[in-house]
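Sharing a structure here in structure tokens format.
Read from first to last, the chains carry the letters A, B, C, D, E and F; within each, the first residue is number 1.
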Amino acid sequence: MKRPSGRAADQLRSIRITRNYTKHAEGSVLVEFGDTRVICTASIESGVPRFLKGQGQGWLTAEYGMLPRATGERNQREAARGKQGGRTLEIQRLIGRSLRAALDMSKLGENTLFIDCDVIQADGGTRTASITGAMVALVDALKVLKQRGGLKGGDPVKQMVAAVSVGMYQGQPVLDLDYLEDSAAETDLNVVMTDAGGFIEVQGTAEGAPFQPHELTAMLELAQSGMRDLFELQRVALAD
Amino acid sequence: MKRPSGRAADQLRSIRITRNYTKHAEGSVLVEFGDTRVICTASIESGVPRFLKGQGQGWLTAEYGMLPRATGERNQREAARGKQGGRTLEIQRLIGRSLRAALDMSKLGENTLFIDCDVIQADGGTRTASITGAMVALVDALKVLKQRGGLKGGDPVKQMVAAVSVGMYQGQPVLDLDYLEDSAAETDLNVVMTDAGGFIEVQGTAEGAPFQPHELTAMLELAQSGMRDLFELQRVALAD
Amino acid sequence: MKRPSGRAADQLRSIRITRNYTKHAEGSVLVEFGDTRVICTASIESGVPRFLKGQGQGWLTAEYGMLPRATGERNQREAARGKQGGRTLEIQRLIGRSLRAALDMSKLGENTLFIDCDVIQADGGTRTASITGAMVALVDALKVLKQRGGLKGGDPVKQMVAAVSVGMYQGQPVLDLDYLEDSAAETDLNVVMTDAGGFIEVQGTAEGAPFQPHELTAMLELAQSGMRDLFELQRVALAD
Amino acid sequence: MKRPSGRAADQLRSIRITRNYTKHAEGSVLVEFGDTRVICTASIESGVPRFLKGQGQGWLTAEYGMLPRATGERNQREAARGKQGGRTLEIQRLIGRSLRAALDMSKLGENTLFIDCDVIQADGGTRTASITGAMVALVDALKVLKQRGGLKGGDPVKQMVAAVSVGMYQGQPVLDLDYLEDSAAETDLNVVMTDAGGFIEVQGTAEGAPFQPHELTAMLELAQSGMRDLFELQRVALAD
Amino acid sequence: MKRPSGRAADQLRSIRITRNYTKHAEGSVLVEFGDTRVICTASIESGVPRFLKGQGQGWLTAEYGMLPRATGERNQREAARGKQGGRTLEIQRLIGRSLRAALDMSKLGENTLFIDCDVIQADGGTRTASITGAMVALVDALKVLKQRGGLKGGDPVKQMVAAVSVGMYQGQPVLDLDYLEDSAAETDLNVVMTDAGGFIEVQGTAEGAPFQPHELTAMLELAQSGMRDLFELQRVALAD
Amino acid sequence: MKRPSGRAADQLRSIRITRNYTKHAEGSVLVEFGDTRVICTASIESGVPRFLKGQGQGWLTAEYGMLPRATGERNQREAARGKQGGRTLEIQRLIGRSLRAALDMSKLGENTLFIDCDVIQADGGTRTASITGAMVALVDALKVLKQRGGLKGGDPVKQMVAAVSVGMYQGQPVLDLDYLEDSAAETDLNVVMTDAGGFIEVQGTAEGAPFQPHELTAMLELAQSGMRDLFELQRVALAD
């Protein structure tokens, strides 16, 4: 088996995490997984949604979007259509759940973190790139919140979170699929994990034939191996 | 560990599949997983969406809804709000993908199957009940389509599909969670499988702590064991 | 003249009112007028709309919906279309006005009753079935409100309300039209009355030729005769 | 009993019908029922809605609106709110049904008539004024359509249609209620009739106490008496 | 060069400003620029938008609409489409900015003025007619506000504001274009000025060829000359 | 007078135009006016809007958006709000008109060019940067269209178009305002010009006091002087 990208089955794309990418957001990251490029910002607003008021804890919510021409064919702008599509909502719900798992909300104070992931250029794996990059923007935003005196009782980050896709391509498990590989894969599996090795989300879909238990196992192992590199890349980026 | 429902860890709720539940739809099923009750209809319309026109194949699409008072607290009616929520879209996309996996679209002719899953009463597991019940409604609708001469080239059903939820509850894997169990579970995993034992969808979410690889394995095994009963229940229902 | 249904001109369809049809709502009724089946729930929420705040009285509001395949042809789901149609709004406004006429709002406390009427299967007369069934769900919900101590100053039900359709079919007045009769009727008249014999709503529409004053009189008399049975059916259902 | 308006119980307001009120529409009328003023236009477009295509007949559809400050309190502009309210939809459906009853669609050719009724100033009875005025605009538009050679097989107007409100005010039936009377009336009844004396629509609503059969009879008689004047006013306007 | 309207290049259309055109609004004007007719109302509501609360100043906001058949071809009703178009929003933003420039908000108290400009008949220049007429309605509404004791600290009107269009037509600057002229003009320039001769808004658009600096200068001078008449017309109308 | 930016009154910000910024669009430019950064893409689709079908000419349409955190305060995502705001629509209409003025539509064939301008970081002048950058993306896209054989009859670019803002700041005309300057300016004027020195759009707004004719003249001259540099920057970028 040869991957269209020429990569080894367990090889991530070239990944770059650029902090302070825009100047207004408390945290702002450009994350690149190969040709997939996503701007991730983390914004702080004081106050929490109504259902949490008065409980002394914070909240995190995420939104996801794609520039109309981030893809090979132009997509209609969701703002012009008047609604976000099902795929968009599904992805932003996933990003939100994943990053909330990184935080201890009781240490945030009554603040809300807005995560915005906007895909500038898509080449497969936009949701996993978004989660991986937004985690870094989130850490940066929390530093700002701390400097402003908005944090009491220690670091709200319980654990780092990152994500990667794996899939079955021509009968073999492969890591971090680009668009060409994704389009041809029999199975697509997105995995969100913590740096301690726990799973936050596992979402696998048979695109063609069903996948077998041993294939699921193989894909999960591949995801775990890639995860080590992702957490290292986050650490290096944050150490700059 | 004692489940709130008093069931054994690997015990499904009482499940009933009532065919011909309403008179207009080509396929119409009331599916009950304990107190969760969903009306699943399968409707046939000739023609296919624009992106498939002229290719000689069919399509299946699904929609999901909940009566406003299907739940403990009344939910605002989505038709009155003017849009379907993210959870609704996520679920109906899952139902659609799952049932499309059951079919060979090239044998459908240029017909579209609309699956509607409407929750009359919710008590956990509405998406898995929907898939399991809608599969039966789909088979019934295809019989009607065959009688009308709309099928050429054999049965479009490649494989039966069913779904069940599993979760980690007080550190133990449990099958087919009801609402009380679901609310307290540490992990929630929805599994869609074929009667040949392949996976169509695996969607696991850590609600509290991350879940470990061995827990994922245990949950998947539990799902597989429950699946055998679900396929048997479908078979019995269709044999009536 | 022979009705398509074979019924006598002044004969109601077989009518059934099943209480406690679902478990979450304070009042929950399945009402059946022949093959027309509607789930009516009455839900209590504390608080009133803004325009009533601080006046010490309650409110009742109603919503109406149809499952997409409640009818012979599938209708597009209103939640997916992004708005409720004119027919839906017209019917839910009628249900709301009719049931408000049953209540003394000053005895409700600052509570709001939400009436939801969802048509599971349609065969003509869904609005009249909805009103007749929702009245029973409303009484049940008020019992719950009373048990919770939410009622002060006596029973808020001033009078029972029920509804029925009449029409001119082949030149003769007929009671409680099913879909086939309704489609062929020259005139369609929906009548909402109280158990004391007063009119709450009278809505007559010439579908083909205009109707004459004596025809209107004959239809109204037929409606009044049918109404006696409807109030008896409500009483029997509530006496269980 | 003294009416707030000082009119006799069976007295219409001063009614004026001004044709050719604006220059672009094929038919354009300003109708005034006392202080209620409505611009009614009838526009011709070739073609019919999809469900009528190829059947060789025409169609008529109506829309209704109110300027935000047509009323004592400013109403939010429906275009800004993003949807038409239930009252608006209810009224425009009534106008459409009423005027369709005036026409023989098979004589229209495949043309659609758009009726627009826009309330410039509201003082009660806007829907009945709209129907009465739009009927005149419709006749004018049909003359234009005839001149353009768009009519085959004779006059599509089967009968003239007009509308008026009646109500119970302090226990007595009164004709053509203005806003003050309408607000205080116990019952509000809108009646649409043909010039041959048939009913097209009868819509009565108990605002406070239920109304009795003899009150309904009295109100209907009053409506019939007022109708004679309305048809005469239409005739005079069209004879100019 | 001969204008289609036969007017001299620097000649306004016949302009009429009719005050108290409808009875409910605090200020209500029918403004006519030739065949362009716009109803402008100014409504007072106590309170201000959230972003101004507690600052002791007032606000003014404007909305613009067109009856569907104000134009040669019927336009779809924006309320029925579910949104206001870009042109509508652009115009109402212009009206709002222009009239806010007339006022000293600190003298309004915490009141909001709603300006509604609804085009009854369009023949070019609806936005400039709207501004010119709404200024008069605004003055009338402020008189009412003063009578109600809502004004403290003197007249909030800093300066009168009016607007007119100019354009290049067959190479020559012309004033106050009607629809025919506007459609054929090479450039369209809308100018909003104060009675002291300052500019509030200048919006010029090349419809065909670009316009040259000296053409812009000529058009601006023409606008200024027309403005003197407009302010005189406003003064005369207000002196009645 | 000292500008907050420290620039001379007639000095542009540092401007950069980066071509081929993303890989999918036929033309893709990152344009930077100081800290204002906009991604401009030009996409080609065959076919034209309905109103142009069969006329053998092309079309260009533009859309504009801002990432939620492009600004100092996070703005609600328009896709999530369900509609584009008035400012967005106003800007995208301006961009569309401006770029259409650059083209001879009869030389485009029946193709549509979609211009998307998405603001990554905002610091004043986003609309003028968008026009200036999108012009370059447009030229690149037309080269692709030509290579694909989609252009007949020569280059559709009649003239280059660019845009810049000018304003009155502390009584003096200044060029190319950044956000701080813009917020404090008395007048804001956006100017779109062709490389032959003609005006396409002139949009001036008095933010505080009205502006005088001589101020308008001074601002326009300043815009013209800046325009020379902008066209040079476009030429250099395209020459790479």
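Rule of thumb we're sticking to: a contact is a pair of C-beta atoms (placed from the backbone, for glycine too) under 8 Å apart; a residue touches a chain by one contact, two chains touch by 3 or more.
On a predicted model such as this, the values are computed, not experimentally measured, just so you know.
Among the remaining chains, none touches chain C as well as chain D. Listed by label, the chains that touch chain D and also chain F are E. Here the repeat of B-C among C-D, D-E or A-B is D-E, since over half of its contact pairs match by residue number. Computed from the mean C-alpha positions, the centre of chain A lies at a distance of 33 Å from the centre of chain F.
Distance between chain E and chain F, defined via averaged C-alpha coordinates, is recorded as 28 Å.
We define each chain's centre as the mean of its Cα atoms; on that basis chain A and chain C are separated by 50 Å. Centroids built from CA atoms put chain E at 50 Å from chain C. Counting partners per residue, chain A has 82-83 as the residues that reach two or more other chains. Traversing the ring of touching chains from chain A and stepping first to chain B, the chains occur in the order A, B, C, D, E, F. Across the complex, chain C is touched by residues 83, 85-87, 89-90, 92-93, 97, 101, 159, 189, 193-194, 196-206, 209-213, 216-217, 220, 224 of chain D. Those residues of chain B whose C-beta lies close enough to touch chain C in the complex are 22-25, 28, 35, 37, 39, 41, 43, 45, 63, 65, 67-72, 74, 77-84, 88, 114, 116, 118, 120-122.
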